[in-house]
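So that you can tell them apart, the chains are marked A, B and C in the order they are listed, and the count of residues begins at 1 in each.
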């Protein structure tokens, strides 16, 4: 296939989420195939939901490069498992990269299908977050989307920026890069400075 | 869009499930976006499953009114959160309204696609119950469908009534209203009089 | 409908998974409809995921025989519930049969849609395992796919054998039977001799 920036971002998100899935599975001490399965589901989850909603064939089914990338990433994650003391930071970083670029692919696919801007932003948020939600459900963590880290908000803000820049006629490749970086930056800044959305002065969610 | 009774019922179910989702999220003390996400997923879940199974584009993707309604409902639920002592009853009522009208939309869409009556009834039950199941999974409750309240049974009974009245040639709008009310009434009566299906004298499901 | 070996295997997998779902639901002491719902979801889950990914209408929606079979199986499981002391073995056996035949239907559908062999194997594994994963999530067990029993590995090995035999030009019906038996045999042997995949000397997953 010829690689457009869109394809590259889609692959980047796939790889980033695969790493986050493999790390989460290692953390849960799953066996070899358990690790591969979580990596696979995390990395294809968001894009598959996006493509099913839009009535298209999931990208990974038409192009084997996704499966090979996920396989290689899983093996690398296993080889480098001794660096596991950095795991939480690594998992957070790769999850954030995946969120940023997958959100963009969701918004873009929505626009290509002539959907209303607010639907495109929603589709972007679903694409960006669904893989991580599946991962967290499968390893029995509280889904990242419900934690204090302003996850969906970063995605929705980036999606909004995408739509605004698109209305202004900015070059698509520039939009991709800028809005991905907006999402990633928001999440990094928010976590660094411990900013959180109001929860109306109610007690925090207890770990189940 | 021109609003048929079908569209109105679909919107009514969307709003009712959005309220039930927002209430459940408030009860779990999620933050602002957590509340919105649960409201959104609960309200679109059943219809999205219905449309994907039938090979159609989900209704909310073609029509932004759904997302705006869900947004407004979420804000209202937050504003009126101090009435939270009535929460369990409110959640039960809105959940029941959503179950009633969404079941009907599932049966109707099945008939429009020429499916066998028993498949239509099944599709109705999936449409009516899926949003609530997603909501309960996301807030880590035992899914409502497995509680003692005769949930799926109400939906299946209403679906059966729909098919029978349709065979008799009753006006479609009349069928919509009558069968929705059948489902809602069954659930209200069953809960009021604590009727439950046999579980073969085994111990009740313990809360996990 | 005229029954090809493919249809027969698809029905066999449906029945086997329905039994496994009904047994799991009985074990969780769910009521009548809870049992039926788990049986239904377990038996149609894998095939529905397969058909949605491929853009086709789920088989059970076009053919009522699936729903009737599931209903009969549920009733039988309830009638014979007193044999429940054999439950773990029965559940394991029916789950394994379902895994074996559903994997084959996934690989076959992938080939019919011109997908790459490695995608076909993946689709086979998703078809074979998804119903059981849904069942285990709904009854709040650790998904079978993450237990020590080499579940996905058996499916992937059978899928690989399918592709190889297909390349060699072996008769399709022979391939179906041989590869189903390969999957079932692997799982039986592995469980009997307590073989497990490496998990890198980390502690086992604790029950949540």
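We take it that a residue touches a chain if its C-beta (ideal position, glycine included) is under 8 Å from a C-beta of that chain, and two chains touch if they have at least 3 such contacts.
The chain lineup, named per UniProt: A, B, C = Trimeric intracellular cation channel family protein.
Just so you know, these numbers come straight off a predicted model, no measurement behind them.
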Would the interface of chain B with chain C count as same or different, where same needs over half of all numbers used to appear in both copies? different
Chain A onto chain B, rotation angle from CA fit, given as a multiple of 5 degrees: 120
Whole-Å distance, chain B centre to chain C centre, using C-alpha means? 29
Expected list for chain C, residues touching two or more other chains, is 52, 55, 137
Within their complex, state which residues of chain B touch chain C. 52-55, 115-116, 118-119, 122-123, 137, 143, 145-146, 148, 150, 152-153, 156, 196-200, 202-205, 208
In the complex with chain A, residue positions of chain B that touch it: 26, 28-34, 37, 40, 48, 52, 55, 57-58, 60-62, 64, 67-68, 78, 81, 137-138, 140
